[in-house]
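The structures come next, written out as structure tokens.
Next, two complexes with chain A in common: one pairs it with chain B, the other with chain C.
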Partner chain A sequence: MGGERLKIILSLTPPLLIIITLFFGGIFYGFLQSLGYQPAIGKYELNFSAYYNVMFSERYAKLFWSGLALNLWVSFASTFLAAVFALFGALAIRKTFIGKTLCNFIYSLNLPMPHLVVAVGMIFVFSQSGLLARLAAQIGMISSPGDFPVLVKDKYGFGIILAYIWKEAAFFFIILMSVLQSLGENFEELAQSLGANRWQRFRYVILPLVMPNLFSASIIVFAFSFGAYEVPALLGVIYPQMLPVMAFEFFLNPDLNARSEGMALSIIIALIVMILVVFYFWLTQAKIRKD
Partner chain B sequence: MSELKIQNLVKNFQGMDRPAVNNVNLDINSGQLVAFLGPSGCGKTTILKMITGLFQPDNGNITLDNESLLPIPTEKRGVVMVFQNYLLFPYMNVNENVGFALKMKGVDKKTIDERVKEMLDLVKLPDIGLRKPKQLSGGQQQRVALARALIASPRLLLLDEPLSNLDAHLRDEMRELILTIQQKLNVTTIFVTHDQEEAVLLADKIALIFDGELQNYTSPKNYYEKPKNIKAAKFFGGVNFVKADFTDNKIQSEIGFCEYEGDNISNLNKKLFLTIRPENIKISKNTEFDHNSYQGEITSVIFSGTHTRYKINVNNVNLECSLQSVGIDNIKESDKVFIHLPKDKIWGMND
Partner chain C sequence: MNNNLKRINIYSIYLGALILILPLIAFFINAFSFRWFYPQIIPKELSLQAWVRLKLIPKPGQRTFEGFLDLWASNPTVIKALVNSLTIGILVTIVSIIIALPAARVLGLLNFRFKKLIIFIMVSPTILPPIAFVLGLNINFISIGFSGSFFGVCLVHLVPIMPYVVLTMTGIFANYNPDFEHQARTLGANKTTTFFQITLPAIAPGMVVAALFAFLVSWSQYLLTFLIGAGKVMTLPLLVFSTASSGNPALTAAISIIFIFPAILILVFTSKFVSGQSGATSGFGKI
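Let's turn to the complex of A and B:
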């Protein structure tokens, strides 16, 4: 090992220490709390009772499992639909001027837009007192805004899904446009000259070519929507409740004992997200190795 | 069976001040191997793409066996194009790549497998069916691309610069292979190149294209002996051009009166150029020749190993003569010589 390398390692140490302390220190402390370690209220012994409580106690089990199911459903549905919309959108307009303009627009506006704003926008447009409901009532499609289907604050998470689709489709769209751009049209033209019709070109050429990128983007989006709090907090209902919202409510609880449950739930969410991220890295690394 | 006719073909692109393809006419007989030859950007690929249907022409017609191709979508034309950069599908192995066209036709798996094997044998690549394109060399990828194009027995095979991405020895090998396969299957083929030598070695006929315009369409031999214009002659290494007047069935040139036997004599304009290959000019120090004999002065002698090149000034026109081996012993720079342009070797062009 040369002196150069030592120098690099030494110069990297201070920032690394900070990152490690803040990140892993925080997680570690959270993990301790989830095991019941709370010196503030005189609790020092470590056990898994908070995890047990969250998942299996009569009080929380139903909330937890229905929340987990809702989480999975919302993340899966929104990721899948956002990907599908983005794919067809990108294919439809990739060669047009609009496509490029839209891409720029999304880059500069939609992508950095906070989820919170999107969620408020959803309420403004899709709720029963929102724009669409009033418009529909006005033109006589429904007799009063109250007849508008419950799309926001509904128990199936439609509002949340819609908000995520809105945001994540933009993310997918930008990724897909750049992938399609870099692929060019040659593969499709070649396939066409070999006799592939429009559907076959989509099925046997475009899809397999964009799939690796689409799939890894999906994992990121899935993981993100799985752990995000603000949209379900604004657009969700009391029951079933998505896990991040449930975790947050534990923290709001004046009973400090509930802290451990909140931490346990957070750790569970973090674990699931982490597994997804590890899977993502494994996938991308596998792809790099193959190339 | 597959006779291709291209009539008055025109293609414009936005932002170009001339048509990318300008009024091109040519006929290709069934089973012929034709080269599109020309410098980069002259419109070769654009013509191929119009034949496949990937571009629609702005004017003109393309017919195959007397039926216009233009209303037929690309995927139904039976015209297969092999692209410059092979474009093997990276997510498929070699077998799947080669079998692609048959799969699109809905052919059953067993037949596909058999045909794939046949094709891989044809391009001399058995036993690599399970590899991915990344695991192949450039030459192998090229052959797989060829097999993939041929599997569905296309009516017309278009090869866009099939050899330009290969290094020299692979290029020779691949050229042989293309020739063998083309003759074996007797598939009407157009291939694009910007290499004059490659075109000569492979093609039955060469279409020479400059700036979107067809300059000349004839056999390789004719490009050397009977080029249509100076541009065509120069592209094939022509160096000797002499201005001349054609009046009263006689040719009077810058270097003197000239006897002429070319079969295009009835088509010659009043103003024309004469050309002759350097190897067809004869020189002598002392003896005058019986016709087309002129006097000049040697301006340089260059020995190149297999040939000796003489530059001769004849009445202020520079001509080049090339003789085999060491040439003529006693002819040196500044010598006065007689030169001979045999009447059966000299060729007249209108511009």
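Let's turn to the complex of A and C:
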């Protein structure tokens, strides 16, 4: 038995060591720095002033709260819309038709695509001289690039949301397709024979069956879009600015005091994501207990 | 009526597919056109200028086999970044698979105390945003001299990849029957032979998919490389980002096409394996 225990310990140590030293070590050191611990400039005392500065000081409060609002709006909107589009796509594509394999491939195409490239693609398609603006000009809907609505690098985060929808809809799509495949059509046929119409079959048969998977995928997408840097950095504006971009810019600021504030911001982002995930687990556990 | 509905259904699928590939179409037009002025949809002239400027294709007149070799041997930025990205991706993938194999086996086949806690620790990097750990780690890496080094970048890429590979392979081992190994051992095979003849063939299909997607996670990494590489380790995502920020669409499009090529290749190769059930897909949220 002792041999088995040793085997378990030896097998698990290397990956745990990597994650604990690099990941948790990084978070811990970032947390220390956010409390003002900066040996490089001779600061050793710990306090919460960086957190206070970021959230309530006159200089940053407006930037922070508008950024937080933008973060929540972008993450909720893109997660919800990507899930809805993927659900309709997956339901529609189940039937047999000409070009099904190709459509399936195109719908999954953005899955392995790096976020960075999707963001660049949004600039090419949705900017005021992009592909859609050119199309609109050709059919006479607009007369100059300025007439086309500002959809990327806009203050409402539309460009960022579009990029996340593009990318994450493929993720939802793959997950939904596999769930629907494993369910087969028996449930629906049964419901149909009992007289359920299209909407009823969707609302009372399909939706409850795919909901658990859809919900856990939503958590992954929400957490990702809440803390990711590349897409808002390329498609965002200076004000309001999403929190990860703000944290990163504070961090790169030559003023070393701003560094603590950048760290504080990144810890706040992580905390919000963590609270959300814990809430999700609590919700699912509560549901399991209830059932 | 029902037939009409079906037709609308199919047309909307086609329309969705067309909308989805618009960015890809825009990439190709931008990369292969010259002076693609505003209201035009189809560019007036096709051109390889962007590729010539990136030193990937020689100037007209020098487009012979030697011309290409000479140009690439001069080590242009894109080639350098491509080689870096490939080397880091392959190295990190191999290392993570080797480290993950024994751990995944233990997690998939055995039950023991603290197993849930260990899985929780392993999962956390896939949920919490990279910016939360990399800012602190950056300062630590500067003080121990890993910052700005190839080694440091490889090390930090292990953080998003390790959990993904361990979890995917744990799933593979959970459906694996170790009895065949016992039989091979009773028949006289040694440990090495048993591994290569029995274990490896059984886990190989899942492992290859895990490895390919682990590679893609490393391949798409921007923030970690930028901060830990400190400007000294240039990879393709860094090049795409800086070119896109400087605003030259033709150059950005050309580099992007190189950047997405492996992604599309891997999707073609694995499309029959890719399903939400395999567990391999859960890592995609991170790419």
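Everything that follows uses one rule, which is that the second predicted complex is superposed on the first by the 255 of 291 C-alpha atoms of A that agree within 3 Å, B and C clash if a C-alpha of one lies under 4 Å from a C-alpha of the other, contacts with A are read in each partner's own complex, and residues count from 1 in each chain.
We adopt the following convention: a residue touches a chain if its C-beta (ideal position, glycine included) is under 8 Å from a C-beta of that chain, and two chains touch if they have at least 3 such contacts.
Quick caveat: nothing in here was measured; it's all calculated off a predicted structure.
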Look at where chain B and chain C land on chain A after superposing the complexes, then choose clash or fit. fit
Tell me the contact category for A:V118 with respect to chain B and chain C: first, second, both or neither. second
State whether A:G159 touches chain B only (first), chain C only (second), both chains, or neither. neither
Considering only the touch criterion stated at the top, classify A:P232 as touching first (chain B), second (chain C), both, or neither. neither
Taking the superposition as given, does A:P208 touch the first partner, chain B, the second, chain C, both, or neither? first
Just checking: does A:G36 make contact with chain B only, chain C only, both, or neither of them? Give me first, second, both or neither. neither
Please indicate which partner A:N186 is in contact with in the superposed arrangement: first for chain B, second for chain C, both, or neither. first
Superposition-derived comparison: chain B or chain C, residues of chain A touched: C
Is A:L194 in contact with chain B, with chain C, with both, or with neither (first, second, both, neither)? first
Once both structures are aligned on chain A, how many angstrom separate the closest C-alpha atoms of chain B and chain C? 10
Chain B partner, complex, touching residues on chain A are 186-187, 189-197, 200, 204-205, 208-209, 290-291
Sites on chain A touched by chain C in the complex: 4-5, 7-8, 10-12, 14-16, 18-20, 22-33, 40, 85, 89, 92-93, 95, 97, 99, 102-103, 105-125, 129-135, 137-138, 145, 166, 168, 171, 174-179, 181-182, 213, 217, 220-221, 223-224, 226-230, 233-234, 244, 247-248, 251, 262-263, 266-267, 269-270, 273-274, 277
Chain B to chain A touching residues, read off their complex: 49, 52-54, 74-77, 79-81, 83, 85, 87, 89-91, 100-101, 103-105, 134, 148-149, 152
Under the stated contact criterion, what part of chain C meets chain A in this complex? 6, 9-10, 12-14, 16-17, 20-27, 29-30, 38-41, 99-100, 102-103, 105-107, 110, 112, 118, 121-122, 124-137, 139-140, 155-156, 158-159, 162-163, 166, 213, 216, 219-220, 222-223, 237, 240-241, 244-245, 249, 252-253, 256, 259-260, 263-264, 266-268, 271, 274-277, 281-282, 284-287
